[in-house]
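What follows is subunit A paired twice: with subunit B in the first complex and subunit C in the second.
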Partner chain A sequence: MSADDLGLWAVPIAMLGGAIRVSTPFILVSLGECITERSGRINLGLEGTLVFGAMAGYAVAYESGSAWIGVAGAALAGTAFGLVHGWICKLPRVNDIAVGIALMLFGIGLAFFFGKPYIQPSAPDLPSIPLGFWSDIPQLEAALRVNVLFIIGIALAFVIAWMFRSTRTGLTIRVVGDSSDAARAMGIDANRVRLLSTAAGGALAGVAGAYLSLYYPGSWTEGISSGQGLMAVALVIFARWNPINCIWAALLFGAAGALGPALQSVGVTSGYYLSYAAPYVLTLIILIATSSTTRALEGAPGELSITK
Partner chain B sequence: MSVSARQRTIATGTLQAGGLRGFLSNRKAEAVLVPTGALLAAFVLFSVFLLFLGKSPVEFFQLVWRAGFGTQFSWENTLSRTAPLLLAALCVAIPSRLGLIVIGGEGAIVLGGVAAGAFAIFATGLPGALGMVGMALAAMAMGGIWIGLIGYLRHARGVNETISSLLLAYIAIALMNHFIEGPLRDPASLNKPSTAPVDEAYRIGNLPSLDVHWGLAVGILACIVSYILIEKTTFGFAARIVGGNTRAARIQGLPVGRLMVGFCALAGAFAGLAGMIEVAAVHGSANASLAAGYGYTGILIAFLARHNMLAIIPVAILLAGIEASSGLVQRRMDLPDATMLVLQGLVFIIILMSETLIGRFAIFQPKTEAV
Partner chain C sequence: MRSDTFTSDDGPIGVETLHMTKRFGDFTALDDVSIHVRPGTFHALLGENGAGKSTLVKCMMGFYRPTAGEMMVSGQQVVIDNPKQAHTHGLGMVYQHFTLVPSLTAAENLVIARQSTSDIIDWRAENERLATFMERMPFSVALDQRVGRLAAGEKQKLELLKQLYLGRRFLILDEPTSVLTPQEADELLGMVRGLVDDTGLTCLMISHKFREITAFADDVSILRAGRHVGGGAVADLSTDKMAALMIGEKTLAGSADRQNLDGEIVLAVRGAEADDRSGIKTIAIDTLDVRAGEIVGIAGVSGNGQMELMEMLTGQRPLHGGDIHVNGERFAATRQQAHDLKVRFIPEEPLQNACAGRMSVRENLAFRNFDAGSGSIWLDGRAMTREAAQLVRDFNVKTASLNAPIASLSGGNVQRAVLARELSETIGLLVVANPCFGLDFSAVADIRARIVDARNAGTAVLLISEDLDEILELSDRVLVMSDGRIAYESSAATVDLDSVSRHMAGHA
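And then the complex of A and B:
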């Protein structure tokens, strides 16, 4: 089969490639949000963290000449945002959802503020691994050119699942997330655990941002994020707070996000702008399907404000 | 027991508990002083931020004052920007009184603008006033459906309203792009896709002897009407009970679902109206300028005003003035246009942190009689 007569097969192949490329930031952010939410807090500010991480990662990579130092810088910046969120939410009577909205606006503002000089220059890209070397179809080969962060994300999902299941740290996070009273009875400082969990979530969101600016789409612009940080919150609910499910959910979202460009690549242009809405519509449908007024969500941390 | 009877019982209850007048004045003082203090604290922090960058905070605030409030021209500029902010803030403040954090007003604004633009295309030749009313109704219906849907999903399916409203805002912007690039696109709009220009007769004019369009009056009226509705009617009282304790409201037999959908739809109608005003008074057609971030500034205004519909008016004027000065600050101080976003984000964070102080100062607390 040559490249010319792929016909409609080009759509699923392009969607596969797109799903892998687009889903990577979803995997990273949703794993981060998963840790935060399992500790009983919700951080809606990850959208701002992601945009700031994209800017910080790009700027550091440009100044240092190394994409990996850029990723580290983004993780550090994300941690700082997570710590701020966690620290503010420690204050009594402060609503974690509202603080998330404020930090989302603040993070985006700061990213645009400091990012202005980095819109033009080009920073080094993150490397990718050609997993499609065995295929002689160029489209498939391109689709399977997988970024290292995708593989790290998958591995991390299994590590986090293991951490929740069989380590002391994981158990501590789960106890705090399910019942502050039980945690207090065990002598655990719930606010401290939540602070660190939010910081970890912020770090992963920062790395996800760095992926956006350093690999795909691969440059820093003010429109770099299309709400990945926010959709991750819905995605974690869909994944039932299970890190492994986060991978599948992220791939599904990635495929939905890749639908528009994939259709365009085979010449379907009608409804092009509508196809941009696909991931949001999918998220909303999933939210509607999985929410309920009468029963608590299966697997939901007991202290989480959005499910109470 | 009817709602009004309950209201009376509660009112007499507080009277007996200890001096209604003193109670009110202290609580009101707290509700004004704590956010004002937080605002000042945020300005101080922002000054430190500017000092770190080697810029002068004094120059910054002087420029904001001059461009936002210093002259008649700057006042007119500020007040023209206030109208959409008032309505966008109502879209956050009204649902918040039912305990809902709806932050997707931006979606209702852009779709309201598109609906108004579409009405102007298809209903040509009407008398001017009728055309304007038609555009406003189309926009309000569109916005009302959009935010009402969020209230419905919350009530019927338990879908978190914060997330669904933001998702719907993204969907709304995709829909707007679809319409202005596709079915409703005016072929004459080349580099900025827009709907066909709105008939001159349907354009909203200026207030008498001022260079400020009528949208400001509409916005202020909407705030006053909302205030009366929420604070002075039984509907509003029922809504506030839902906000205080949904379960108690349900046990009392209040129609929780209808209240949620109704007040969300009202909030959305106001946001849609903001879109219509932008189209009919400012841009002259529906285009991507509708997604100017009014919905997001509205969130900040509503929180700063502590969701009080009348307090929204001065707060919106303040924020409009700050936004109006953005251009001058950029040119004179060589700061990026995101400077105002940073300031707004900082103000927002400090305001939320100040919530923790409410009820902590003894001077604001009602004097309880010795037991």
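And then the complex of A and C:
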């Protein structure tokens, strides 16, 4: 069968597959950023971390011959970036957003520098699970070919939601994110909590990078990220700092992002660039529709520099 | 299981400071202060703003390291470098500003504050435990509510509950009743009194209110300008004596005599409706009139819609229905209209809500008029300086320089500066919220006198305040707001305190 046989059904099926494939890095980065932002910091450097993670993951996978060791290497590199961000922000009179932008550029530059030798060779791919085995429609089968990292991301969202609600660590992060004064009064070292939260966020962004280079699109190139790291920051705000909402937001972004290619596959080519802008237009519309001039942003961490 | 909650097994603890001195650069905030809080007593610490009370308790709690001096807990010399160490000695503090985390629920706040909370929280067990704890407490707070949604009075109760929940045996209360109604204050202090008598709690309370000190405290220590100027058993001291020690030789600005004016209606609110802060309830003001030359006081427990009413008047909160007229003209609260109709607003917490903290006193004083007049795009710096200097002189604003950032001024002086800006011309309508919150004795008298002066000059004044004494002292008419509505109205001459209390408490 070809796409023509499915008719317009090809569009939602391609969007479903696209949502799952494209959303995975969004889920991972936004969960990491969710932890960081809940602790009261914004790490805009995640874009750089993501690109560096993609390079590091690819390089380590190629050298070691194992995609999973590559993922671990990317996580480690991401942790290092997170620690640098957290450590610099600890210094007095340092703005987390400015540091984030600096680290973003630094991470991308460093990845290009070290990544040059890895553009040609091919590294092992991450495995995926064929959840569409029951279907004989090849498009659906392809759409439901789900990467393990997607499933890990979903599970992680629930674990993080539970952590924020029912663990000492989670409550401590929320305390620090909401009120430095309260944290100090409780004897919590806010800087340390933020350092570790930023490191955790960096680790997840690194893993997201490894997904890009090791699964989809599946090779290391300099243009591998199209701003997923930055968009994930907006996505966390859009998800109102709730990890479960991060899943929905990421899927929505992924589906909207797959709209362009899906339409193309059924032959609709007019408004090509417009359909590619769908995720951004969608974000704007939803943010405007859910905002209020009289109510404060529900759930916004009080120490965040953008809400203060 | 209850090991870290309140126990009285070890007997009450007493705390002494010996020759405590704290200098910040050249400025001596505390000068050789020795006070003795006897075990199992309720001790009051009295003094004006800037007298060093906060510095003293911060030294005791380990926020500051004293320049000289020692601390004794139960007769043992101790060194307290940080609040955590203070906690291990059983010392706890309820701060003037809230230390609860707004986005956490009350229960989460209590549980996370406890040192022994396990890594994974079993909410079922914790909730049962909290319920048992709350049963022994004289008042309750909705534990499943986000703290950010609680009213100020509720938060203050929760702060106190938290300290008791954490098993502190020496409590420092920093003006605990400043946000409570008299009934709530009496209830709270009565409860503290009971805990002191029955369970061996020792309590040190910072206060300005003589009534509370004479009614509830055993001993008092009085500070003035960083020095310990007197004290002893409350029973041996008269209020006049305490006031004299606290204020020193100073004359307070007397309140101007009232003149009876029967003015025109200036502010008229009809059927105005708007959402409250949570967006769940509705604020509905059927009729509210304020005439020229009268002060209308709106009393009420915080969180009953007073701040929303203020925002409706200032145009910060859209109305669903009804309207607001000033001098018969529909009022939309634009800058131009406020200027033309001579309407002035003084919101609560003026440093946050009516000033730009990092800008200078001079610039803040110019906010009202800097864009009026000349039409030139250049500001006249010299005229601004001249006018600011005049206002600072007229309103006794104490500032190091006109170019000092306004945030560096004390609370009383910020409020004086804001009053200077807003009251400097003849005005038609003045809306003012909690003007004296957290201010010391002499600043309060000064600011109230200014408000009465404005009234006598023919201004219509709407005074929204959580301090019932203030409402009763200043108002010509008293209104009570409860649950988003005006529940009670009476002229000041015939006001019945019992009904006011009942309506404030919402039991009418």
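Rule of thumb we're sticking to: the second predicted complex is superposed on the first by the 292 of 308 C-alpha atoms of A that agree within 3 Å, B and C clash if a C-alpha of one lies under 4 Å from a C-alpha of the other, contacts with A are read in each partner's own complex, and residues count from 1 in each chain.
We adopt the following convention: a contact is a pair of C-beta atoms (placed from the backbone, for glycine too) under 8 Å apart; a residue touches a chain by one contact, two chains touch by 3 or more.
A quick note: this is a predicted structure, and the numbers were derived from the prediction, not measured.
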- Message: Tell me the contact category for A:120 with respect to subunit B and subunit C: first, second, both or neither.
- Response: neither
- Looking at the overlay, what does A:107 touch: subunit B (first), subunit C (second), both, or neither? first
- After lining up the shared chain so the two structures overlap, which partner does A:299 touch, if you call subunit B first and subunit C second: first, second, both or neither? second
- Query: Which partner reaches more residues of subunit A, subunit B or subunit C?
  - Reply: B
- Message: After overlaying the two complexes on chain A, where does the subunit B footprint on subunit A coincide with the subunit C footprint?
- Response: 292-294
- Item | Touch list for subunit A against partner subunit B, complex | 44, 84, 88, 91-95, 97-99, 101-103, 105-113, 116, 226-227, 230-231, 233-234, 271, 273-274, 276-277, 280-281, 283-284, 287-288, 291-294, 306
- Message: For the complex, give me every residue of subunit A touching subunit C.
- Response: 166-169, 171-172, 174-175, 178-179, 181-182, 184-187, 292-295, 299, 301-302
- Task: Would you pull the subunit B residues touching subunit A in the complex into a rising list?
- Result: 101, 103, 153, 155-160, 162-164, 166-168, 170-171, 174-175, 177-178, 181-182, 296, 299-300, 303, 336-346, 348-349, 351-353, 355-356, 358-359
- Item | subunit A-touching residues of subunit C, taken from the complex the two chains share | 82-84, 87, 95, 97, 99-104, 108, 111-113, 117-121, 123, 275, 277-279, 317-318
